[in-house]
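Accompanying notes for the structure given below.
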Amino acid sequence: MPVVETPVTLTPSDAGLTDAEVHRIRNDFPILGTEINGKPLIYLDSGATSQNPVSVMEAEQEFYEQRNAAVHRGAHTLAVEATDAYEDARTAVARFIGARTSELVWTSNATEGINLVAYAMSNAAAGRGGEAARRFAVGPGENIVVTEMEHHANLIPWQELAARTGAELRFLPVDDDGALRLEDAAGVITPATRLVAFSHASNVLGTINPVDELVRLARSVGALTLLDACQSVPHIPVDVKALDVDFLVFSGHKMLGPTGIGALYGRAELLNAMPPFLTGGSMITTVTMERAEYLPSPNRFEAGTQRISQAVALGAAANYLSETGMGRIEAWETALGARLVEGLEAIDGIRVLGPRAGMPRIGLAAFDVDGVHAHDVGQFLDDRGIAVRVGHHCAQPLHRRLGLTATTRASTYLYTTTDEVDAFLDAAAQVRPFFGAK
Amino acid sequence: MSTGLEQLYQQIILDHAKARHGSPLQEYLGAGRAGESHQLNPVCGDEITLRAGVAEGNVTSVTWDGAGCAISMASASVLTDLVQGLPRDEVLSLIDAFREVLRSRGRIEADEEVLGDAAAFSGVSRFPARVKCAMLAWVALEESLLAANA
Amino acid sequence: MPVVETPVTLTPSDAGLTDAEVHRIRNDFPILGTEINGKPLIYLDSGATSQNPVSVMEAEQEFYEQRNAAVHRGAHTLAVEATDAYEDARTAVARFIGARTSELVWTSNATEGINLVAYAMSNAAAGRGGEAARRFAVGPGENIVVTEMEHHANLIPWQELAARTGAELRFLPVDDDGALRLEDAAGVITPATRLVAFSHASNVLGTINPVDELVRLARSVGALTLLDACQSVPHIPVDVKALDVDFLVFSGHKMLGPTGIGALYGRAELLNAMPPFLTGGSMITTVTMERAEYLPSPNRFEAGTQRISQAVALGAAANYLSETGMGRIEAWETALGARLVEGLEAIDGIRVLGPRAGMPRIGLAAFDVDGVHAHDVGQFLDDRGIAVRVGHHCAQPLHRRLGLTATTRASTYLYTTTDEVDAFLDAAAQVRPFFGAK
Amino acid sequence: MSTGLEQLYQQIILDHAKARHGSPLQEYLGAGRAGESHQLNPVCGDEITLRAGVAEGNVTSVTWDGAGCAISMASASVLTDLVQGLPRDEVLSLIDAFREVLRSRGRIEADEEVLGDAAAFSGVSRFPARVKCAMLAWVALEESLLAANA
């Protein structure tokens, strides 16, 4: 197993990180010491992708230098060591979200996790997986429910599932402020609903959705639930059993891990009854030219040579986060989020999407600058070394609903300092003057 | 302010982004034929619809509707001023010349004699993510001119 | 762009690598200097996964330390640099196989590439992609053709496609020696055939299949072709245009690259007409709650945050191979393959699968040891630091056809020395005596 | 020859791999009831089918058919010798004890007093990839005994 470095010695407390700790944490992230346009990088785009600490990079390098081999396939020593490292990482990441090891399936990213479930459902509809898989089948007269604030990743796979199977895609609308209209839910989620898919935390609004309420509604009509936890797992403590969802997806690159890896959690009972999605080597027991028998979860869903070194690195990332303390990271980022919104709201001509200052939000804020296009805002900030994200943030329907096409988003992580937030706010206040907006 | 940003957003660009010469889009009622093109920048979702009239081998009119960043809007505006009345073939060469500068990653300086105010967009070539912004109207004009000839 | 180190200064020649060169190449691979059970590692499992040179690991590390960001999504400087590095890598890998940049789609591995085509075909059959996609649709009365020697990755996805759509799966049989029975092909590939999928080089037999002949047969009935190039792209010069196939897949981890990345080549015209497979962010133009419009290839097939650092590293791997010279690697490995087979055939009680000594084969050999189970063979060799692969090598039907359940496979690469092959042969000769087989 | 390999393939294991006591599988014609189990090792595809007869609380017969590596075949053979005639409950405890040793990654030494010749498989616990081989027949016997009781 790769040696996971303890990031920094933190005071064991439930309060947020301290300024001093954050500064020590930053030393673990080489890229945070680089310059952009001759200015120190201020990275406020962790909502898109996070940076990697040294321990994560080292775990991967150590793997390639000492135990690289195909897993679950070889009997030689290297293969055994590679398999151990790979499966230990699975256990670490499963534990990180309160799941059992066999309930965690590696995917390329959250997007693939959602597609996996959507395709398994249409495979079930086509009769694959037999009687046991009937509960996953959807068809005409049945529906899938999402929300109007979803990331495209949690929308288009369901549109395609509906188109393939003849099922209907419905959605829970949001109000003018972007909040879910829960009062409409009873009319949308009906006994014909087979699955309700929604995001835990919105990557645009920064809101945390009422999981309990939506799970309760879905359960009451016998529908499955899938939670898009891309913006929650990296930033707040998440326990799949407490959330009581059926499926949950997230991406490694947003939680200090490498690109190219993500995970799908599914209740064991469901994963073992679900037809496979990708097929090929390492997920079978017996294969003839005519047919194949499949292994149980998680191998059933992991066809071909897997993202081995990426899994090992993601295990190291989960350990880094655990050792720092997810509760303390959450507290730190909540404070940063509040500072962001208060600061932005105080700037003339800036409209923040989602909850007003004082209302709960995670450590990000998307906003519109009156009279200045988001790409010009981003360019202005980039010139000062500030990296933010601009555009529709893969949520075109939500932007359209709020009367916008593009916004600017600043998002934080455990390594973001209050000074960085302040420097960003300072720059944001100068955008409209620079472009002569009035 | 660094030179990078001021090279990108020259005053003439900021001004044209507001002035938007040639906008809104208009019916072409002149002689000859008109061609139209709609262009979408997939990176940001911004769009432009442009109509060009051509009579006796000359570009007689350019009008457009669009939503986009300062660079894209200014580029459409400058383009409109630049090409009105020029021979169609000359305009197609201008578009090629502009494209060459923009794709050069700062290696080719625009010739102000040829490109006029559009030379102000030279700086964009150092910002690969913004090249499409500056090109949007030019591609739309190119397509419109081809359509007018079809 | 990451700086790609020139591996070693090689003499510009069309002949194979020299012993001295191979020894210099080995210095680029840290893992080759490690020990297993107190003996120097002799890695003869490159057919399963290859090892990574320093330049590949450095390309990845340099990416994370200097330009890590989400690609195609951000306007800030880091995002632009990440996008450049990512797309430059695509160009490098596309060029490596003679393809155009837009014809190369990143996947997790070869398995996913095959699944991509198989699912796109059933999506077309379900009406997705409209009229333009009709040519990909399959259904009852139509068939897909594979061969009896396929890796499970190039068999099960087609079984599932057939089961989903009602199409038939047919196969070209092999003879008692494992050679394709081309004389049967005309009866198997018929005007009802929509696609012929087959491997370029067999991962068990070491044969190179007659691509020309099979492509000609497929073309003559209007069928598409898909080539599984997992065992060819890493080891011999491959030019997709010369091969004239419609689709081709391969995996990065078998060609000095990291795990978690592979590629699908498809003719541009086909990729742009094919319905998407995975859907989500970064592969769309316009999205409403009801429907989505898709980008052209390659982005159309790359949903969600991609394997960015892995692509960058694979680009470095392709450059390393090109600079060494694929023709010279092929010649070196052919010599090693011949040495393997000659040596093994000379050992009492060992039966080599596939072509006899003197016949063309790539640098691998799978064999049966009379009276000793393959896992025991592998264990014996591992004790001497020799890593080989044992089992069915994801080709159960082929093994069954040859009357075996498991074999042992030794496979080479550009860093394999003749001394290693000889040490392996030496050990192989002692297997039966040790186990008392007679 | 290193100790690692000789610890794994002790002479007694190599001998039993050839002797294969209890093979082939036979109808159970004795008193009491018989249970049967089929086990597949997904790693290699090897299989074993084992039948155990139980009469008056004692294991009266174990027979099996199998194909597999030396370790799996020897393990089935040794197991057959070891449990014939023992009380069913004692056999179940032996299986637990064996499993514990095998899963210990070399930390727990087998008690020869208890496991007899099966103690020779202690070395397997240091080879995680081979643990399933040694366990295959034991899991089959465990299931057979449960089946005989059902």
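Each chain gets a letter, A, B, C and D, in the order it is written, and its residues are counted from 1.
Here is the rule we go by: a residue touches a chain if its C-beta (ideal position, glycine included) is under 8 Å from a C-beta of that chain, and two chains touch if they have at least 3 such contacts.
Here the structure is a predicted model, which means the values were calculated and not measured.
Subunit C and subunit D have centres, each the mean of its CA atoms, that are 39 Å apart. In terms of their C-alpha centroids, the spacing between subunit B and subunit D amounts to 80 Å. For this pair, subunit A with subunit D, the centres built from the Cα atoms lie 46 Å apart. For the pair subunit A and subunit C, the distance between mean C-alpha positions equals 31 Å. Taken residue by residue, subunit B touches two or more other chains at 43, 45, 127, 130, whereas all remaining positions touch fewer.
With touch defined as above, residues shared between interfaces to two or more other chains in subunit C number as follows: 37, 74-75, 79, 286, 375, 379, 390-391, 396. Interchain contacts give a graph that is no line, ring or star and is not complete, per the touch definition above. Chains that are in contact with each other form these pairs: A-B, A-C, A-D, B-C, C-D.
Residue ranges of subunit A in contact with subunit C, taken from their complex: 30-31, 34, 36-37, 41, 43, 45, 48-49, 51-52, 57, 60-61, 64-66, 68-70, 73-79, 108-112, 114-115, 119, 123, 126-128, 148, 151-157, 159-160, 163-164, 169, 171, 251, 253, 258-261, 276, 278-282, 284, 286-292, 303-310, 375, 378-379, 381-382, 386-391, 394, 396-397, 400.
Those residues of subunit D lying in contact with subunit A across their complex are 40, 42-43, 45, 127-130. Those residues of subunit A lying in contact with subunit D across their complex are 72, 74-75, 79-80, 83-84, 285-286, 295. Per the touch definition, subunit B reaches subunit A in the complex via residues 1-2, 4-5, 8-9, 14, 17-18, 43-46, 67-71, 127, 130, 133. Those residues of subunit A lying in contact with subunit B across their complex are 37-38, 372-376, 379-380, 383, 390-392, 396, 405-406, 434-436.
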